[in-house]
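Below: a set of structures, written as structure tokens.
Each of the next two complexes has chain A plus one other chain: chain B in the first, chain C in the second.
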Partner chain A sequence: MSRYLIPLVVFLALVVLLWKGLSLNPREIPSPLVGKPAPAFSLPQLYKEDEKISPEDMKGKVWVLNVWASWCVSCRAEHKVVTNFVKKDGVDVLGLNYKDYGTEEYGDAAKRWLVQFGNPYSKIAVDADGRTGINWGVYGVPESFVVDKKGIIRYKFTGPLNQKNIDEKLVPLITQLRAEEG
Partner chain B sequence: MDYMNKKLLTFMVGLLLTVLTSTAWSGIEVREFDNKEQEVLYNQLMFELRCLVCQNENLAASNADLAKDLRDEVYEMITVKKLGEKEVKDFLIARYGDFVLYKPPVKKSTWLLWFGPFVMLGLGLVILLMVTRKNKDKKKEAPQLDKSKREDIRKLLESEGED
Partner chain C sequence: MIPELGQMSLIIALAISVMLGLIPLYGTFRGNSSYMAFARPASYAQWVFMAFSFGCLVYAFVTDDFSVRYVATTSNSALPLLFKVSAVWGAHEGSLLLWGFILSTWTLAVALFSRSIPAVMLSRVLSVLGLIAVGFFLFLLITSNPFDRIPMQADGRDLNPLLQDVGLAIHPPMLYMGYVGFSVAYAFAVAAMIGGKLDVAWARWARPWTNIAWVFLTIGIALGSWWAYYELGWGGWWFWDPVENASLMPWLVGTALMHSLVITEKRGMFKAWTVLLAVGAFSLSLLGTFLVRSGVLTSVHSFASDPERGLFILVFLLLVIGISLVLFSIRAPKFASNATFELVSRESGLLANNIILVVMACAVLLGTLFPLITDALAIGKISVGPPYFNFIMVPLGVVLAIVMGFGLLMRWKKDSFSRLWGIVWLPLIFALVAAIILPLVFAPEFSGLSLMGLLISSWIAFTALMWVIKQKRSPFKLSGTSWGALLGHIGLAVSFTGITLVSVYNVEKDVRLAPNESYELGGYQFTFLGVKDSQGPNYTAYRGTIDITRDKASVAVLNPEKRTYRIQTMPMTEAGIDAGIFRDLFVALGEPLGSNGAWSLRVQYKPFVRWVWLGAILMGLGGLFAAFDKRYRRLSKKAQTTSQKTSNKEVYA
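What follows is the complex of A and B.
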């Protein structure tokens, strides 16, 4: 009996292992920044270039940093979801315009993009050379970070946000973080 | 050496060179360093650090935009901030995690990765031993036949031969 049982068990274990492997996304790399203070920056704002914006300004609020660019195709896909998220759930979403506005290649494409698709962001920081992106561990736009009242990153999502992810993960998390003390 | 041999040799040398240089640089920026150590460290890191966009390429080989930015960042860390190997790696690990290293450090979460193959090898050896031992035992248990049974078999074989 065990003559057939053992290979069968081994085979089934392999099937489970490989099946699980198929459902994993190799592009999702866990960020070491979760649980750490949001990396500081002081960047010009898209519509007020002489005014700087920094994560310090957001202290005491639960907010989301959404990294986007006009050249990023999946940002378009995500944009409606983000807009809806801001409207419906009243979340403060800060945009980080990544290697886009003010660069030689893209000029003011970001502004035209916002005119075309709408602007859900409370403020937009311009990271033209991408160094703030590196500090935040950005490697594939779009990316989104949830930051708590104390300025600690609590969650990171790589790739375009979808409604399911917002309803199941972001909204409950933000509700929980808002209840925490600042 | 006749003509054909020479041609073949040229071809083989060419092939060898192609193979040898295939892991070389794709992102070529001309860099200047203060000293030889910096240059060696930079070159070493380019091969040890992974591009996070094209995950099967190191920073040296990748054409991705992010890889170029990271090359610039590493260059600046080495030449301007005068950082050593560990500090540069720590900077990137703090932002991108161990994944940025092609050779992950040995720690609890990577034990399976490092030692898994040896465990599998050991397991294979154990199974091999078990199987061979079992077969050995079987040989020992060769049927002991008494005389009358042997006679029966001999008759049976002979009758088969008559058909």
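What follows is the complex of A and C.
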């Protein structure tokens, strides 16, 4: 009889997993980096390859780092929301183009993607080997970080941003951070 | 008033389903035939009330009753009539009502068309379906009532523009017909386990139902893929997205089930395994619903998800699957069969088919749940993407194809490779020739991947043809089952061909074109004639015009659009597609560039992409042929005449 119990045991294990899954929010991951200074990087820009960009340049501003890639399907869904967010709330969103090695000509895929879906980013840093992503603790794409005027990460969002989250969390947080002294 | 009637009707349907779930089942244990006879009229009544309830919701949508919360959130007065109707299943509550309605429809169909089945068995099957309905109707009424009222709204918040499309109007009903259809095979399996007896007749009853459910699921998946292709605007047709995977898993297990039912019917073997597959196919359908509706996984297709509802579905899953698996662990040991077969035999072939398909389903399940697993184990959230799925599924698909070719030609019980070689050399040579010649004719360059893909596809197709030819019957005298197997196998070969060729030879370019500039791709000249504003019923659009010529002869004029829907202010890319059997030309509008009317355009040449769906249509046809094989009807007639004879005897006795 025991081998006929295997399906039941496998199924019960699955139920435990799914039950745990319900209590986890797939979009929110506590990051040990929240409250810490944003990890430094100096990366080439997507449209100006000889110019570097670093978080230092953004000091004194409240800004958002949005990690995306042309191969990431949920980024497409998120992109409209990010575009709206930039237009409506006037937030400085820096794009981090993460491990975009989809084509032989590197960066090509990313540019084509932006041509199709639009480019809301003020600047785009290119993280070809994903080192910066590792330093920032990127689990998956897309992810977004809110950084305050002093260059400290204040909030991290994993997964595609949605309007509800922007309205309820990001906008109030950014308004509050803007009021803080730099 | 009408929405209240709909809700009332739903409550009555719930009451009926409770009775349907308990009374006939109780009757089968007590041997009370009047309790058992309750099953059929209850199934009819349940359907009538569900149909009425569903009709009320449709009525609320068509008449723009924005005092109903669900209507106000998913419809709008400016929506064209067709989309007002399809908006009924455009979000969670209505989808579930459609689920419930379809479940009651399947129950009705079983009650109507299973007159040859013994009363005890039929009563149990209908009772099990009734119990499933109890769960769904409760879920509807407790967590997702589509008839909830709110203060009258001036207008509705509109249907998600992505869903305002003919393909998506019919995709969910088809898919649900498939998902829910597996509940019939499931009910047969559970009914057999309750009775503790599983005979060959059981497999014969379950086969046509399984086939029909599988047909709906196949067509539903193909429609979804087709919709994603032209509506999401970037020309992909499969993304290994959790929601797509949720439909693929029951399909894989359902395919395995169709084949294992053959062995159980013909040879009385693998009974426990077949029952397990029947439980598995429906369980995976429910799991799919859970994944789509609960929000535990993020997906581009999750148009409606809510974690609180997830708990309800999970408890429901636990009951439905858990109880049937407990029953399985008790009853299955009795199902053992002492029939034997040799290593090289059709039994082995079908077993290999089953194992490969189930491994595929498990691989998809693992890949889909992987982010959840790593998250629950607190090692972070790691998604596996297309690389994982392609890495696993492509080799398994190749092995499956090889087995498929041999499987049809194998004999039951005992066969030998030397005999098989005597048959397969011919299709093998044909397949080799096709795989080498075809790319030379139309393909720009040689590719090992396309050679392999074409080789396995034509291997499947030619062995299936060989099998039919060897039967030496005229096509008109071929049995439905044979037609089913032939079309099913050839359909898969057609899909494999399409998948291979479009993956290998797809050409995709993003170009910037000013008006009257042109670009050449795949031998076609794409001339951009500019963009004009245009007005739709509930959107404004930029409408581009692209003239396509080949060797100066006009091929097509395409009008890709970039729409902005007024209510949800959501930009939508509507691709312009010139469809053809051997190639699609695909143009999507990007962004305006500069002031001289130049735009960025995505231009694609997609060879054989239609074959992906064409194959699914053939497979669906095959499933229909098999389901309506005469012998099922002949058997039911025979059973009817015998039952008439017995009743006559009773009269004269």
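Descriptive notes on the structure:
Here is the rule we use: the second predicted complex is superposed on the first by the 149 of 182 C-alpha atoms of A that agree within 3 Å, B and C clash if a C-alpha of one lies under 4 Å from a C-alpha of the other, contacts with A are read in each partner's own complex, and residues count from 1 in each chain.
Keep in mind that, in the parts below, a residue touches a chain if its C-beta (ideal position, glycine included) is under 8 Å from a C-beta of that chain, and two chains touch if they have at least 3 such contacts.
If you're wondering where the values come from, they're calculated on a predicted model, not measured in any experiment.
Once the two structures are overlaid, the count of chain A residues touched is higher for C than for its counterpart among chain B and chain C. After overlaying the two complexes on the shared chain, residue contacts for A:V115 are found with chain C alone; chain B is out of touch.
Residue contacts after overlaying the shared chain place A:G159 against chain C, while chain B stays out of touching range. In the superposed model, A:F11 makes contact with chain C only, not with chain B.
Touching of chain A by both chain B and chain C, each in its own complex, is seen for residues 26-27, 29, 139-140.
Against chain B, the residues of chain A that register as touching in their complex are 26-27, 29-33, 39, 99, 129-131, 133-137, 139-140. Chain contact summary for the complex, chain B toward chain A: residues 52-53, 55, 65-66, 69-70, 73, 93-97, 99. Chain A contributes residues 1, 4-5, 7-8, 11-12, 14-15, 17-22, 24-27, 29, 71, 73-74, 76-77, 80, 112, 115-116, 118, 139-140, 158-160 to its touches with chain C in the complex.
Listing the residues of chain C that touch chain A in their complex gives 232, 234, 239, 241, 272, 276, 279-280, 283, 290, 294-300, 307, 310-311, 314, 317-318, 321-322, 325-326, 328-330, 332-333, 369, 371-373, 375-376, 380-383, 385, 510, 512, 570-571, 573, 588, 590-591, 600, 602.
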